[in-house]
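Next come two complexes built around chain A: one with chain B, the other with chain C.
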Partner chain A sequence: MTIQTPNGFTLDTSGKRIVVDPVTRIEGHMRCEVNVDSENIIRNAVSTGTMWRGLEVILKGRDPRDAWAFTQRICGVCTGTHALTSVRCVEDALGIKIPENANSIRNIMQLCLQVHDHLVHFYHLHALDWVNPVSALKADPKATSELQQKVSPAHPKSSPGYFRDVQNRLKRFVESGQLGPFKNGYWDNPAYLLPPEANLMATTHYLEALDFQTTIMRIRTIFGGKDPHPNWLVGGVPCAINVDGVGAVGAINMERLNMVRSIIDQSIRFVEDVYIPDLLAVASFYKGWLYGGGLSSKNVLSYGDIPDNANDYSAANLLSPRGAIINGNLKEVHDVDLRNPEEIQEFVPHSWYKYADEKKGLHPWDGVTQPAYGLGPNAKGSKTNIVEIDESAKYSWIKAPRWKGNAMEVGPLARYIVGYAQGNKEITEQINFVLKTLDVPVTALFSTLGRTAARGLECQWAAHKMSYFLDKLIATIKAGDSSTANVDNWDPSTWPKEAKGVGFTEAPRGALAHWIRIKDTKIENYQCVVPTTWNGSPRDNEGNIGAFEASLMNTKMERPEEPVEILRTLHSFDPCLACSTHVMSEDGEELTRIKVR
Partner chain B sequence: MTEIETFYDVLRRQGISRRSFLKFCSLTAASLGLAPELAPQMAYALETKPRTPVLWLHGLECTCCSEAFIRSAHPLASDVILSMISLDYDDTIMAAAGHQAEAIVDEIVEKYKGNYILACEGNPPLNEDGMYCIIGGKPYLDQLKKAASNCKAIISWGSCASWGCVQAARPNPTQAVPIHKVIRDKPIIKVPGCPPIPEVMTAVITYIATFEKLPELDRQGRPKMFYSQRIHDKCYRRPHFDAGQFVEAWDDDSARKGYCLYKMGCKGPTTYNACSTTRWNGGVSFPIQSGHGCIGCSEDGFWDNGGFYNRLTNIHQFGIEANADDIGKTAAGVVGAAVAAHAAVSALKRARDKGGNA
Partner chain C sequence: MEGMPEVLILGIGNLLWADEGFGVRAVEALHRTHAFAPNVKLMDGGTQGLYLIEHVRRADILVVFDAVDYGLPPGTMKLVEDADVPRFLGAKKMSLHQTGFQEVIATADLFGDLPRHLFLIGVQPEELEDYGGSLRDTVKAQIAPANAAALSYLARFGIEAAPRPAPLAETVTLSSPEVALGSYEDGRPSADAAYRHGDPRVVFGTPSDEEAR
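Moving on to the complex of A and B:
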């Protein structure tokens, strides 16, 4: 049977059904099913969020100043981005302005997350979709050294002896018979295209990156006390600045600022000498594999982030771009209003939730979530042993958010497409550099590889922007302003009886926003629409498919029983399922009736 | 299983000399707070054993424990994964997916009966027949029970697996429960924290691999070596507490001087963890050092113990030790009375702010 979706995809469910559950190397739990035709080309794709935690109902009735800590636990991978979104949301509701230093420190922390998260994603969650560590055993260390020196002459770890040592280490590891994380991988699948030397170089950097990433997040430990899950504060940041007098040794002082500077410099070096060259090297072997574009050439969305000056969330003041592009028309970038009830709405006809009227979508300020788990009539298996999903019915713990009715892709590629369309100078230069280096047209961006490349470019951008905000922080302190928190409205007795607010960020995985209603100093309603809710969205009433599903369409699989291509494309979004599936309602009353066995 | 190399074989074949190997053992022993004479014992253990298989499962969680684990500064996660354990299943980093991934659980459970470690991050929900967390089309609870069936021991990583944590906070909509509520016939080591300290996580693993035994646990099942003292007991700001010098408002002069955060809601006096000694991320800082009170994230039910900025009201909670109870004999009655008065005011205020429903 063939179905034409309004957003331009032809679905055919007649071919063989392939199930991947669990999808691994992601945050959280996810299932994917596809139908392949006789040529092993994917003709239908179904993505299912397979976990739900219900954090917003837990937030109900609590102190809004505590909300950052709860929402931060939505995700430990993009740790802190929910907390930042939450404090902005509460500050918006209560009209709290933060000091300039707090803005700089928050930006450094958020950018630090981007750098860390993108780097770890590329090497530790995504690389094994492109890189074959077993093939690395066949590499010639001398040729690998030459390759390394060609792609990145600045990186010091490049001698033949160095690569021989790493190769020996790998060899012993493989020969031990205990393959650990590489066990049952798809290492003889023809979808892997790198020559052994490139595999050895990239595998070596997998290990180097694993060691180096321990350093990056120390910036957040300095300002937030620990990482993952550093500490934040409504009204500013908790760390005080004291560069002069008594007690300076226990505050943000010269030594701390120097440590931040040193880590930023090391991060820039690692990203530019290792990550970007690896990305380009890998891409050069896969540039003929331009599957996975999905919605990216049609509908993309970003809210923008990284306010240059404190308290100004207008698009002009945001260093990370804001806008929406519809139907691939790059000539027109629409503004996005998170307060407008007609713009962002969530639908549930294919989600395991119940609305009174499921034909309608709800704006998050008026969101309702009532879980309603069950399988459709055509599902195979049973309620507690799903063999095949029935996507004509409800099939996911993820809701379907829409912007003015459109399914949207969010994330680094969406941000870079919006920035490129707006003529953002930094973004355009970066994109043109990559297109020129790889000798590919701009349409190559709309692909799995484009998504992966945009993430790398953004990592580089973020590393430099950390440096910008550290300079700004120091300049402000030098000018005599050391303040980090505004406590005028800290005391709940100063708050209005009722208030509502919205806060947003660009999380590593894409546009993120929280909506709050406060009543009598407590949280009355709290709603989050997160990046993977957008990307992992199931279908809507009109039958529009979401970004994950769209991206898998028409991809040729080498061996359907080995989901290398499915993993490659899904990973290019960096899915975060704990984020996407926690969403909970305004009234959690229904939940308390659920039987406890 | 003669084809399996020991930890020492692996190191030696990687070209690491016996001398460096022994040095590694001494350093590791030292980092674990062990007597130097235990280093040879560690060396012997590592020389003669294959790497212990580990199945690392994820239930309802946020993956902060895995993220913490890879941030360990000593040993580095790469060394743990390549040389100390055999991390055969961990859906966050493993290459395989789907049935190829699930086959690994079956294989390890049979092949290494009684000889593998089950590491649990997150917890199972019981509502909706467990289908709030689905793995391979089935409830996560099924996978957990299967993986636990032949394991030597379970490590409950973090506060989710140890206590329930955020998804189990009131009203716990999914009925998420800690591991020990559903697996009752295996030794369980709880390593609580949201997340636990990275170096504490790797130390617990290293300890088990080295000494072939589980660490000594307290009554609640936590390793005594890291969880037997309160943050407050070893806090570098403790002298300010004793002297009655408190931060009164965020970013006030006292905050800039690094005074005690007790009045800002710090839960250090009632929280058992190693943050104030081990510190975080290679010893760079810990929450109090960076200006925020401890939120008590390694304690059972910390999400429901009042707001994070409400100061502890029960002065006797300060502890078993007399000096904590007396909170600074030097400042004597003045401080004690002041603290108690503040506590009373704040309790009254809370009652006024919100009728009941703390």
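Moving on to the complex of A and C:
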């Protein structure tokens, strides 16, 4: 039986069902089921968030100024970005303006998170979907060195001896039986296309990136104080500036700003000499694998972020672009208003929540988070051990957010498509460079690889923007303004009896917003719509499928029992750091159970 | 006499998930009752995973507090050292972040920077699936014994802590006072206002993952 979805996909559930569960364990577990046809092409895809996460209800009644500290514990990856989103929504509700320096410092911290997360995502989570470290053991170090010098002449670590050393380290590691981060891959799957030398080069950079990532994060410790949970503050940033101060403890001084400068410069070098060249080298072998586009060629959304000047959240002032594109019409970029009750709405007909009227969506300010767990009539297994989900009924703990009724993709690719459609100069130049280097048409962007490439380009963009805001910070301080916080409205006695606000950011994995209602100085309602809510969305009343689901459609699998292709595409959305999966056949018999990177 | 070893005392876990917060609460308590020399660092690692690699690599001696599922009666404390730590961590499913921490250890090893001495102080949780909840009494009661175990382990290496004349205020944490145990517990919405249960598949126990490892 086939079903035509309003957003342009033909679903066919007649073929063999494959279950991957869980795909991710951060921000809630995630499960994925697909049906493949006789050619092993995916003809139906179902994405299920399998964990209840009730942050909204635990914040009820708490002090709004404390909310950031709770939201930053939601998950271990996006801590800072949730905290920033939270303080922004409280400031919006209470009309609190932050100093220019606080804006610059917050931007540097947010950009730092982007650079860090993108880099770690590519090497630590995603590279192993394309790169085969076991094949790297067969590489010729001399040929690897030549390859390195060809793809990135500027990178100093390129001698045959260096690659031989790394190869030996890998060998020892593999021979000791622990394989560690490389455990349980599908290393003999024909979906892996890189020659051994490219595998050794990329695996070597995996280690370099893991080593370097700790350096990048020092920036957030310098400004955020506590490590590894930086501090945030409604009204600004909790660090004082005293440029003439000395010593390593206390206020931000010139010595620390110079340290930040040095880390930014190193980050730019690493991204441009290692990450981007690797991305292009890997992509050159996979440019025939253009699956995974899903919604990206149709509907994409970004809220925008990185306000150039403080307190101005209009699209014109946001350096990371804001906009919505519908039906692939790049000629028209719609503005996005997070306050408009008719724009962003969450639906629950296929989510394990209860609304009074489930035909209608609710704007997050009026959001309701009331669980209602149960399986549809065609589900297999039991409530406590689902074998096969019934997507015709409620099937996910993720609500279905829609923008003017449309399912949307969010994330680096969405941001880059919006920026490209708006004619953003920096973004357009970056995209054109990649398309030209790889000799592919612009439509190649709408793919898993396009998503992966956009993330790398954004990492480069963000590294340079950190430098821009550090310059701005220093210029403002030199002009005599060293204020970092506005505490005029810190005291709740200055607040109105009732207030509501919205704060938004572009988290590494996409558009993120928190909506708050404050009543009698306490939190009355708090709703987070996270990037994974958009991308991992289940179906809606009209039958539109979500971004994860759409991205898997029509992908050819080499071996259905080894879901490299599913993981490759889901990972391209940056759903998590580490995950486990097991794979079951249609009758529920377990074929294999593996840990996947 | 050789240079002082770098010591890291790390509490890990998600304090929003009831007994999952044991590690963080244990290291906070230790910080409130004892003062250490500068070579000993106490840290609320939360669920930070990869961000902790740097600190783990730098440590010569690593002590970890964590809620660990050994399948023992709730509140049981189990102490594991050195080579047993990663192997034990790999043996069973425990919690969301621990796959991550196991990887932190493996990665430190890959870099050749595994701490020379590893000590895991684990406590069997009673309840994990209570989002927004706090430590259960059986687990909370193990904070003091867990801290004593950490101190006697460190004493083997000549590392002494000075008991503070009076403990620091309850609101003193290693990260931010907003999530201090007392206000965390007191500020909790009522059972009527908050849904107090997890996904039934989790609440009732899912057989699928546990057996595999």
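Everything that follows uses one rule, which is that the second predicted complex is superposed on the first by the 562 of 597 C-alpha atoms of A that agree within 3 Å, B and C clash if a C-alpha of one lies under 4 Å from a C-alpha of the other, contacts with A are read in each partner's own complex, and residues count from 1 in each chain.
The working rule: a contact is a pair of C-beta atoms (placed from the backbone, for glycine too) under 8 Å apart; a residue touches a chain by one contact, two chains touch by 3 or more.
Since the model is a prediction, treat every value here as computed from it, not as a measurement.
Partners chain B and chain C, once the complexes are superposed on chain A, run into each other and clash. Taking chain A as the reference, the larger set of touched residues comes from B, when chain B and chain C are compared. Within the superposed three-chain model, A:Val19 lies in touch with chain B and out of touch with chain C [touch as defined at top]. Shared-chain residue A:Trp490: touches chain B; no touch with chain C.
Of the two partner chains placed by the overlay, chain B and chain C both lie in contact with A:Phe70. In the superposition on chain A, contact of A:Gly480 is made with neither chain B nor chain C. Within the superposed three-chain model, A:Gln370 lies in touch with chain C and out of touch with chain B [touch as defined at top].
In the superposition on chain A, contact is made by A:Leu207 with both chain B and chain C.
Touch criterion met: A:Leu567 reaches chain B, while chain C stays clear of it.
The single stretch of chain B with clashing C-alpha atoms against chain C, selected from 9-17, 243-251 or 297-305, is 297-305.
Common to the chain B-facing and chain C-facing surfaces of chain A are residues 21-22, 25-26, 50-55, 57-58, 61-63, 65-66, 69-70, 73-77, 79, 120, 124, 169, 173, 178, 180-181, 207, 210-211, 213-214, 217, 226-229, 231, 371, 373, 383-386, 397, 578, 595.
Chain A meets chain B in the complex at residues 19-29, 31, 50-55, 57-58, 61-63, 65-66, 69-70, 73-77, 79, 120, 124-125, 128, 165, 168-169, 172-173, 175-186, 207, 210-211, 213-214, 217-218, 221-231, 233, 235-242, 245-247, 249-251, 259, 371, 373, 381, 383-387, 397, 482-485, 487, 490, 492-493, 520-522, 562-563, 567, 578, 584, 588, 591-592, 594-597. Those residues of chain B whose C-beta lies close enough to touch chain A in the complex are 3-5, 9-10, 13-15, 50-51, 53, 58, 60-68, 70-73, 76-78, 81-82, 85-88, 90-98, 100-104, 126-140, 165-167, 169-176, 194-195, 197, 236-237, 249-251, 255-259, 275, 280-282, 284-292, 295, 297, 303, 307-309, 353-354, 357. Those residues of chain A that touch chain C in the shared complex are 21-22, 25-26, 50-55, 57-58, 60-63, 65-66, 68-70, 73-77, 79, 120, 124, 169, 173, 178, 180-181, 207, 210-211, 213-214, 217, 226-229, 231, 369-371, 373, 383-386, 397, 577-578, 580, 582, 593, 595.
The touching residues of chain C, when paired with chain A in their complex, are 14-16, 43-55, 96-97, 99-100, 103, 106-107, 109-112, 131-132, 174-176, 178-179, 183, 187-189, 193-195, 197-202, 204-209, 212.
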